[in-house]
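Pasting the structures here.
Two complexes follow with chain A in common, the first pairing it with chain B and the second with chain C.
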Partner chain A sequence: MVVTKNLEDKLLNVKVEGRLDTATAPELEAELAEVLDKADELVFDLEGLEYMSSAGLRILLATQKKMGLKGGMKVTNVNDVIMEIFEITGFSDILTIE
Partner chain B sequence: MPKKTIKEMSASERRRHSLEAKTFHAVLMVSLLLGIVSLIMGLGLYAYSLGNQLIKDSFNLTASLKMVLDGSIDISGPCRRTVDIYHSLSEEEKAVQDEAYYERYSEIAQDPTVISAGRVLKDFYDNNNVGDIFIAMYDEETCTLLYIADPDEKRPYPTGTWEEVEERELRRFLSWDGKGTLYDLSYTAKYGWLCTTGVPIYSHDGNICAFVLADVSLTELFNGMRGFVTNYVIATAITVLLLGYLMKRHIKKNMVVPINEIAGAAEEYVRSKRDSGATTTNHFEGLKIDTGDEIENLYLTLSGMENDLNNYERDLTKAIKDKERIGTELNLAMRIQRDMLPTIFPPFPERPDFDIYATMIPAKEVGGDFYDYFLIDDDHLCLVMADVSGKGVPAALFMMASKILIKTTSMSISDPAKILERVNNQICNHNSQEMFVTVWLGIVELSTGKLTAANAGHEYPMIKKASGQYELIKDKHGFVMGGMENMKYTSYEIQLEPGSEVFVYTDGVTESTSEREELFGTGRLLEALNSKAFDTPKEVLDNVIRSANSFVGKAPQFDDITMLCFSFKGPNAWLEVEKAKTEAQREDKYMKELTLEATITNIPKVTDFVNEELETLGCPLKVQMQIDVAIDELFGNIAQYAYDPLTGPATVRVEVEDDPMAVIITFIDHGKPYDPLESEDPDTSLGAEERNIGGLGVFLVKKTMDDVTYEYKNGQNILRIRKNM
Partner chain C sequence: MGQYDQTEEEVSIIKYEDFNEEYILNGEGIDQIAAKVEEFLYSLEMERANVLGIRLSLEEALLRWYDHFRKKGEEPQVEFFAGKRFFRPVIEISLKGESIDPLDPDDPDTDTGDWVGTVMENIGLSPRYAYSKGVNTISIRLNPPRRNPGMGLVMGIVLGLVIGLLGKAILTDAMLEGITTYFFDPVQSVFFRLLQATAGPVIFFTVLTAICGIGSAAMMNKSGKRLIVRFLFFSTLMTVIFAVLGAIIMRAEYISSPILRTGFSVFESLLEFIPKDIVSPFLNTDSPQLIMLAIIIGNALLVLGTQGSRLVKIANQANSVGLLIANWISRIIPLFVALLLAMRILDGTFTRFIGIWIPLVLFHVFIVAALFIAMFLAAKRYGTTVGNLWAKIKPSFMIAFRNASVDSAFGQNRLCCEKRLGINGKLADFGLPLGLVIYMPASTVSLMASTLFAVKCYNLTITSLWLILAMILVVALQAASPPVSGVDTLAYAAIFSRLSIPSEALIMAIICDIIFLFISSAVNQAMLQLELIREADRLNMLDKDILRKPL
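What follows is the complex of A and B.
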């Protein structure tokens, strides 16, 4: 998993590539923890993400809860597999997916 | 030579010594004695009375003769003249009584008074049974008897015949006072015993001039006596023999035979007892003895005794049997008690994740120490170490009851403190003997190494942690069990790591006493435990025993020495086992297996392994992604929770089905039993604020896979997912 962060004027762009799973989720969590307080708005770019397991969902949910109080959170470039996961878990209703 | 008993004698000897013979002899002896005495007395009496009669008759004859003479014939003249002539003769003239001598008395002999007196005498002689009857005079001077008239024709004593007489006779006759019977007994060679009776004839001047004398021979009397004796002896002998014979028969019938019967019965009794060990006999009872005396009494007594002995023996046999039975049963009970302790090591050879060794060295007397270990389920091992108060059978019984109660209760209650509380109450309910038991009880969750334990007044456990050293764990002691109802106990938890060991023991170990009366103590025990690293629990215990023995020396062992060592290897110990199994199954065509330590870092290895298989099947990428997610969820769960805080192995198996084409992936682990399908699905309709993050993974798997099943089997969680292609 590769995480690329870009914070521009309170807008945080986070690009996640590879696999977001049990093993890698803590890494993303740590990365986010560093910058999340500084951002009001967050955009996840999942274009390069192959799949996501519930560990990733946990992070998305936790982040959504935090960002929902601020400027909000968007998830972009979701592939089929991940979209199906969002749909199955009801995350498609919670997240703002573009 | 020792005296023979009647039993050792021959038949003839026995006859001689028998009661019959003795009776017979006794009768003979007594009869003989009596016979002799009575014979002597009879003879005496006979002789006395008959003799007396003879003498009296003879005397009366002389008296009546004298009276006849006194009335008719005066013979005093011729008498005096005869005496005178006799006196006038010289010694020489008297010496020879020849015709010349008699010539001198012829004139007197021819005297008519003499002749007529002779005639009277003759008359008397003829008519009476006397030896001789004559008239004669004793001459004091010459001590002779001078015959005056003697009519005996066969043996004539002419007038003037003299013969010497005993002076005693002479004096008696001459000095007779006229009272009683005048007689004299004398023995003559010629006539034998003679009795001479006589009556004096007085002359006119009142002097004795002669005697009428009669001789009576006693020989006849004695002859009569001889006959009497002969008859008497014959009669007596016959009587005695008859009497003896009858007595003998009587004795034989009434004594000898019954006594022999009794003796025979006694012999039979002894023989039957000795040879066949008969318990019920009726040797005496069978006899028919009806003598009505002491022998019958003896028979009745013996018969009663036999009966009593039979009863006694029956009772005794029963008592002995009872005792034997009780002894056997007691031994059996002891063995059952001993067998209650598991003694097969290793007790769970199929389990690589732990090892146990325990031992009890019993003291002389049976004690109540016990240990126990058993799997409550595949994931929970219960360890028990206990010590019942007291010794002997009561302690053994109490131990059995306690052990069973603890085990059965442990099967249904998982908290050690609660187990002890329940068992304590159950013991208290039925503890009339006020016995108690100290117990340490621990339950190890084998998949995680979590030891939960509680202590009811027992010795502190020794636990070896990761540091590699045994430590005394001063756990919270509850009250001994059986002491008081409704006691509360406290469970405590200790996390065991792979390599941890638990050593529990009874006070028999720490209170082993040396010859110098020193206690082995926990200090020395700890020293022994930490003296080096041991490979197996058995080595640990052996070393403790060695140390204790060398410390105790020759002092006797007072108490049971009971110890248990549990060695925890950790769930990862399964890894090699499972890997070996996987290796064995690698040949299988459509089944691929991978066994590895379940860690998060190992997830990619699993994913790669499965993907490789999926690729050969031409699995669509989307399906592969879904499966990868499922692997992440499921294997991740095992890695994070199954062995927490330890790690253990997991096996992932990939199988392919043809119709319809499907992939089946199985996740197997030795972790604590956990069915992920049991938890409720998360409510996916809730908003972000209300959503919980738990349960999503499994939910995802359920939704993306075509079938998910779970089972717990052989200590393993088996989760199977199926994805149709």
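What follows is the complex of A and C.
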């Protein structure tokens, strides 16, 4: 998994590529922990994400809750498989997906 | 890697095998188990959405165990089993230690909510948790893979022929009469009563949930509304053309009447669709009244929106129960075929069905011609050739044909739509599931073919009114019926009952239906793909270069 972060004017863009599974999820969690406090808004770019596990969903949910208290969070460039996961689990109703 | 991450060439049937392995309960172990779960489920030819749902749910359960034991600094072993127990596929995950129910929605240690419960409910599965002798176990019992219906039918026909011919050769008239009176008739009667008892509620809840589902799809998406209208229009058109052709070719006894009188009769019949109360349609298994009741209640629930959501949920659950019962009925159909066939041979009425080759041939010729015409028009419209279109849809077509099931071909179908036909993935993701349930033009025509042949077998007279009523029933029931085993048998029971066709004709209808299922599954799917090409073009979601590019 490759995580690319870009923080500009309190807007944090996080691009996640590869597999977000149970083994790699702690890595994303650690990356987010470094910068989340500095951002008011967060945009996840999931264009390169091939696989999402339940651990990945937990991270999205936890991050959504944190950012909900600030400027909010968006998920963008969701491919069909990931979108299907969001729909199956009901996360499509919880997350802001563009 | 899941089935759909593979390249086109690699998408093939994954061979079934059992798994019985141990893993350490950590991140890597959970991922390994998840991969095995997916592999096992795809080997059962399960739909991708269900595979994802089950995989995610089990991952979440394992994560909850992992969180609990990690706090104590432990990394216990987990035993994973996926295989068959008493002929049914089962997934079991066991963990030694203190009792922790990872499926408990009220677990205070987790704040991820109860999406697991909802996901499993939607798939129609109930994961179980048990704790015994120091071992926590989560288990999920799955539905067995769909059997090829042709095998069961062949066995039923062979058994029926053997019993019938042997009985005719060995038994005396007195013995035949005794066996018929004390065995065959009661068993036949039980089966018909079972069909009658089940048909009403299944039809009602199937139509009700279809209305609620269609309503939300249409409200969300103009394209959905347009697709539904086109689906119903073309199903009806094909059924009407076939009904007229079929009545002529099968030389049904037809009495014409003046157009005005027919018009009034149709109007009167349509008024009879309105039930006088909500109980008698169920008591009488009056399918038009049940459909009307379901449409009225379904629309009322749509208008109520969230206020009616609980009732919609109950209706969906009742529908799941009904479809499960229909599925159980479909498993005893081969026995029923054997029984009825034997009875018809023993009582000498089998000769009625000698002409069964007529509807079989007529249906197949009609459906193939309809598909060819649709492909020809599509090829002309989009600047490609029929040969090119056929080459692209052929792989998914053949899977559906071989398995007599659109479910089995869903993966290839989805790949075909996006990678070969140039249909945008988002439209395919929306249109395919909608169309596979509602748009079954070949299946609608098959219902009509069997109904017309039944009329011919029993020398019943048809009128314009009868024909119109038959078309309405056939289109309505087929549109509302999901592609689930056993539902067609119930539809036949309801249609024959309403059109005064003897129940004995069901044997012939079931045989025809199972034979039709192969080509009709494949043609339904192909017609849907052609419709989605059209809709994609309308929405500028069609990559014509991909569509035109030869394979």
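Assume the second predicted complex is superposed on the first by the 98 of 98 C-alpha atoms of A that agree within 3 Å, B and C clash if a C-alpha of one lies under 4 Å from a C-alpha of the other, contacts with A are read in each partner's own complex, and residues count from 1 in each chain.
Throughout what follows, contacts are C-beta pairs under 8 Å (C-beta built on N, C-alpha and C of every residue); 3 or more make two chains touch, one makes a residue touch a chain.
Please read these numbers as outputs of a predicted model, since none were measured by experiment.
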| item | value |
| --- | --- |
| First (chain B), second (chain C), both or neither touched by A:I88 | both |
| First, second, both or neither for A:G68, with chain B first and chain C second | first |
| On chain A, positions contacted by chain B and by chain C | 21-23, 50-51, 53-55, 57-58, 61, 80-81, 84-85, 88-90 |
| Chain C-touching residues of chain A, taken from the complex the two chains share | 21-23, 25-26, 50-51, 53-55, 57-58, 61, 80-81, 83-85, 88-91 |
| Complex interface listing, chain B residues touching chain A | 600-601, 603-604, 622, 625-626, 628-629, 632-633, 635-636, 639-640, 682-689, 691, 693, 696-697, 699-700, 703-704 |
| Chain A contact footprint on chain C (complex, rising order) | 1-2, 4-5, 27-28, 30-31, 34, 48-49, 52-53, 56-57, 59-60, 63, 112, 115, 118-119, 122, 425-426, 429 |
| Contacting residues of chain A [partner chain B, same complex] | 19, 21-23, 50-55, 57-58, 61-62, 64-65, 68, 80-81, 84-85, 88-90, 93-94 |
